[in-house]
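Each of the two complexes below includes subunit A, the first together with subunit B, the second together with subunit C.
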Partner chain A sequence: MSITWLEIKKALYSPTILILLVLFIIFNIFTVISNSYIKDELKIVNIIIEKYGATFNDEILRKMQEDLNTDVKKLNPQFQDANSFINTMNYEKYHNTTLTEQKEIDRINLMQMYINLGMSLDERYAKLNIEQLKEETITGFGFTNWTAGFVTSEYDKLNDRLTEIKEMNEYKNWFFAGNYRMHNELFRHLIKNIAMEGVILVVLLTTLITNYEFEHRTQLVTYATKKGRLIMLNKLMASLLASLIILLPLFGISLLTFFMVYDYSGLWTALITSGLNWEYKWPYITWWPIEYWMYLLLTITILVITLLMISLLTFCISSIIKNSYLTWIVGILLLVSMFVVPMFFKGIPTLMLFMHLNLTLLLLNPHLYFSGVSNLMMFKYHEAWTLALWGLISVLCVTYAFSRFNRKDIV
Partner chain B sequence: MLVVQNVGKEYGNFKALRNINLQFDNGIYGLLAPNGAGKTTLIKMLVTLISPTTGDIFYQGQSLKKLGQSYREEVGYLPQHFGYYKHSTPKQYLNYLAALKGMDKQIVPNRIDEVLDMVALKDVKNKKMRKFSGGMLQRVGIAQALLSNPKIIILDEPTAGLDPKERARFRHMLSDLARNRIIIISTHIVSDIESIANEIIMIKNNVISHKDSVVNICSTLTGKIFETMMSHEDITEFRKNYITLAEKQEQGKMVVRFVAEEKLEPSWKSVEPQLEDVFLVEYAYEDTSGNNK
Partner chain C sequence: MQLFWMEMRKIFSWKIVALILFINILLYWLLFDFHIEYFPNGRPTGDTFAIEQQLIPKYGAEIDEKEYKELVAMFEQEKKKADAFLDHDPKATALGITTYEAFRHIDSEDEQLSEYRNDITFHSAEDFPWVLQAWESLIERYQYHEKSLQGEIERTSGAQQQRFEQLLNDRKHTIYSSIVLDNFRSITENLAIIILFSIAILLSPIFLRDRVTSIIPLQYTSKKGRRIFWTKWLAGLVSAVFITIVLMSIYLAMYATNNTSSHFDLPLSSFSWYYYWYDMTFFQFLILTIAAVFIIAVLLGIVSMAISVFAHNTIALIGIQIVVMFGMIAGVTKYMITDIIWIWHPHWLAPAGYILLISLTVILTCFAWRRESRKDIL
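And then the complex of A and B:
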């Protein structure tokens, strides 16, 4: 039997890890279902896309309005258009109608909301001011010298990108209306939760695999076998593979539940830069046109790579500390410090800029990936630079850990 | 041939072993010293768990540092404190170790049965080890050391926890195995090795004090071991002047076995020295840090 697989089994048969995995999945399912009271209202977007296409323009919006006015006339011939119908609708009138009529009124309301949103976008996008955002960032973080120049150049590029979005009408894609905050629901809540749960599981299983012999006092027998200290290589591989195996059901079941509850069937090819996906002060201005399925796939990829790097770093700490609980605490403290420490470097812009290339930011902000309006995560290729930097740090740490372990006496 | 050349081990200022020179051919070697004398340190160096601070160890003329895996492949090792996995069965545990020892997958199932049979554990090979007694666990440890049919077997306190019957069985098994193997047994229990070891290695003050056959080592005390009978009242005074090796009551008096340079009293009866005598003379008045009292 492969040594790596035998090492993986140590983690996969661990009751602690299995119980935590099940609890996390149950928690995620519960969270998705408990927030799903809006799911029926969201279905309208798929109906719009099916009937009018995934993108819209003034012509389509006009056609939609005409169709909706016709529907209103059918429902109540007294009204010529949907807006006047909706404006005169009140609680008493609504409850004096039949259930079927209520559903139609709801649909008309929702349709009108999406038409109005679509119509308002040109004006809202025209008001977006990247210059103002740039100034806020530069003065807010106290950037000077080359850092100010760098930030300026990034915001200039972002301004070009916004112009491109406007020119190419990228924002005229149907998506769930921003007030439902579905982008946040998925990426900021569910996927961030999965990432946090992933950290706990990955750190636990990596320490378990790495320290297994020392904690069961079998290290003398194990490291005196033919394989010797090279078992650490198998342990490293096992930690990475076991992490992937554990993350698969965690991501898989949680996301499957989400997409079973919410109907995204017509939205997979919608662009994240859709103007309807405008949840807070700024819309999502990604550096590239990214379709929804691609954003989801890239987010999962980034998080999985991040978690694998955390596994590598945990492996290094474990091989030095040789105590699972202590390693777990040190690992989590390291991640927390990545989040906290940059705040202490406000007076040193260069350092603060580099400090934002950290794994914790990636774990905490999957909803802001590839976005130009995300404070110091706004830089083009921020995710790639962060992964590359920590990939290098991880490789150096692992090399050091191996070299140290090979030299150390095993007692 | 396994050769230990000028090997020393230091932990900071503490010298655990100094200038150790040994040579092992096929046969059984008993490494005899009290606890804390450096036996386990030497053993751990022989199985590459720790590196010597000075000197080197060679197998078939090549340094263990260079041989690495190809040396460890030839070694079976039972540590003094044998850890195990509570939730595993002996079969599962040995399967895991077989993989680490790089054994041919085809022969592993049969070999596991064979070694478990040798230590009388074949019937419980599928039982969880958490239910095992100390003696049974020790036998699992012995089984794993023999698993890969190694050319060098190194056992650190192998009989700890074994009952007399198991000890006898174990000694017979080692005698059989020793024909074409190097077997090194580290112990502080003289009877474990007295009858089976080809050579005894004794460590004192962190250096090798004796390395010879049992007969030759015992001969160093020929004419110096005596027995005599005395009253209970006299023995306290007697202990002040002589190293007493054994004392037993017989017909209301004490029969004392002791060491003296020459026969001073007619009542003293000269007796054949045993390895136990040498061990006691060597270590009885030395604490484990190597300082003579």
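And then the complex of A and C:
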């Protein structure tokens, strides 16, 4: 244990890694705060949930509209309902009112937007057409035989899932309106950035620990001791543990800042499939109902496991190349090529489908986890399969690296 | 001299060359290929580009009243062709559409009509919906050029406003789109990124390599002594220049296949959408941008060599380079290459940036030399 701890210390006491960690955290905090001008508008969802409950139906929407209409009457007795009030509102009128009135007008406006969104969902969900998406995918990628069958069965399953969502009214729960893109803001911007920064730190600290003896020309002493080359086992453990220790503040402080800036208090149990969380062409259709806190937790787990696998793979590259500089470049290049190489295999659909089981896609798309509408990553348990495949590959690589390292010259 | 070539051989070791080759292939697919393969991208962009290539040799940059009338006549002629087609198409007549104007203003609420429009536009061999769209945009640009300049004058103040007034006073009527400039900006941005990565990877280990393998004591106590620093430095500089020229000629040769030479003689003010501080032709702008990429690339090479002196170990070297490359890609390529004379940045920004960067490079190199010349060998 003490050797492992000493190895961990090599990474944790390295000024480079610490300075990079601090810079990354500052960068994340900066990006969160610089995008936070909408945070006050978002609070209204928490108020709605507190007053009317987390889910809604036509009854509740009608009641909300009535309540809003009485509020409008209180503010300005000339108007009978909120819609006509909002429609006649203009810039001059707005600026002629007092500050408290302006706040009330803003609130009415937002409430009406949420009510309208809630009412429009039934119609919008009825228009979703999975069949068309399926055909576009099959013809777009030129799938035939086995692949076409596989994609068809997955989309059929997705269709069932969509029907279930519609029947159970799963989409009728409150969330930030889609035009704020809050799901994107958190998972696609912040957490994806964290994942990228995590890759840099993990690869760097793993090569640092693994190549330490060769870089400092102490390999002839270290590997000739009684413990000998088994110290590589300690180095492997140390890389994994040091990765975890470094990732903790990176994830922790960045996410803490995010949730301090934005008020998610009422939304932890909201479903990702919420119809309000409809940001682009399609809403998020997860394969099973996932609550927000669960999604966040699973996302972090998946990313941490991915990063640990990257640490394992870097360990293998390091022990073979024995040069930190080249290891770093080769490691990063491998990850980039996982993203680029599938493009070359457009002619071989089966291979291309398999190539979507890759770690880089997991790192780049935390906002599309468990989603049925995400190109070729749509199939059920895509994340689990990817992790299982790469877990296997990493274990095999590590075994090979050990057996190779035990036989090779250490000079 | 012999030492110089040996240092060159160390810089271009086969491992590094293989890596740079691999990186270039990857980055080409990731960043560059799209702007070559898909230029002009889709319709009506392609149609606009084709029409522009026809018009430039005939009319040049400036369009006067008479030429504008000719253009309108050409547009009308194209329209007549479309009218003739619609008039003879049984489907169109059945739906009551006989002219292009009627086709253009089809009510998208009407399912039958809009289905017919989509059929013709997207699924038939007929070009006219796209070609006419391109023509319309050309004519529109002629009409709205002055108005948009006036709008900018109202919105801006100071030097920017003066520049817009100057542009307005020149009264050069423009009809050309920004397709070529858009493409060129993406090309230079990505070209710069690819070259910067290649240079950083090639030159970062130059001094550190000898330190890690502990041959510095041998080198500094030899007859040549510490002046070997400058031999290495010169070898680094020559390699930076060499690799920049090689990569640039390869990528610019690819850019040549976009066939934008038709636009070379147009002044920058005749492209719509982008406004610049200075009057120059597109070709001059191209030369300026390439020179900027070249200078930045060589400067990064020199900075990388200085970092290589200062870094204690490889990890520190990589850490510093991550931060430097972030600054290069997020800041320098944008403000000092693609937007070098763009009107929305102050006109002193890019020159000031270059002065700052050059002085920083010189200072870093001086410090590096001082450190090496006074360092204890033990």
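Some notes on this structure:
Keep this in mind: the second predicted complex is superposed on the first by the 410 of 411 C-alpha atoms of A that agree within 3 Å, B and C clash if a C-alpha of one lies under 4 Å from a C-alpha of the other, contacts with A are read in each partner's own complex, and residues count from 1 in each chain.
The definition used in the following text is that a residue touches a chain if its C-beta (ideal position, glycine included) is under 8 Å from a C-beta of that chain, and two chains touch if they have at least 3 such contacts.
Note that the structure is predicted; figures quoted are calculated from it, not measured.
Look at subunit A after the overlay: subunit B and subunit C fit there side by side.
Of the two partner chains placed by superposition, only subunit C is touched by A:19; subunit B is not.
After overlaying the two complexes on the shared chain, residue contacts for A:126 are found with neither subunit B nor subunit C.
Within the superposed three-chain model, A:218 lies in touch with subunit B and out of touch with subunit C [touch as defined at top]. Looking at the shared chain after the overlay, A:330 reaches subunit C, while subunit B stays out of its contact range. In the superposed model, A:99 lies in contact with neither subunit B nor subunit C. Looking at the shared chain after the overlay, A:227 reaches subunit B, while subunit C stays out of its contact range.
Figure note: vertex subunit A, arms to subunit B and subunit C, all at CA centres after fitting on chain A; angle 80 degrees, rounded to a multiple of 10. Using the contact criterion defined above for the overlaid structures, shared-chain residue A:409 touches subunit B, although it does not reach subunit C. In the composite built from the two structures, the nearest CA pair linking subunit B and subunit C is 7 Å apart.
Common to the subunit B and subunit C contact sets on subunit A are residues 217.
Residues 44, 47-51, 68-69, 72-73, 75, 77-79, 81-86, 95-97, 99-102, 105, 141, 144, 148 of subunit B are the ones touching subunit A in the complex. Contact residues on subunit A toward subunit C in their complex (touch as defined above): 14-17, 19-20, 23, 200, 204, 207-208, 211, 215, 217, 323-326, 328-330, 333, 336-337, 339-340, 343-344.
Across the complex, subunit A meets subunit B through its residues 1-3, 6, 213, 216-228, 230-231, 407, 409-411.
Note for the complex: subunit C touches subunit A at residues 15, 19, 22-23, 26, 29-30, 201, 204-205, 212, 214, 313-320, 322-323.
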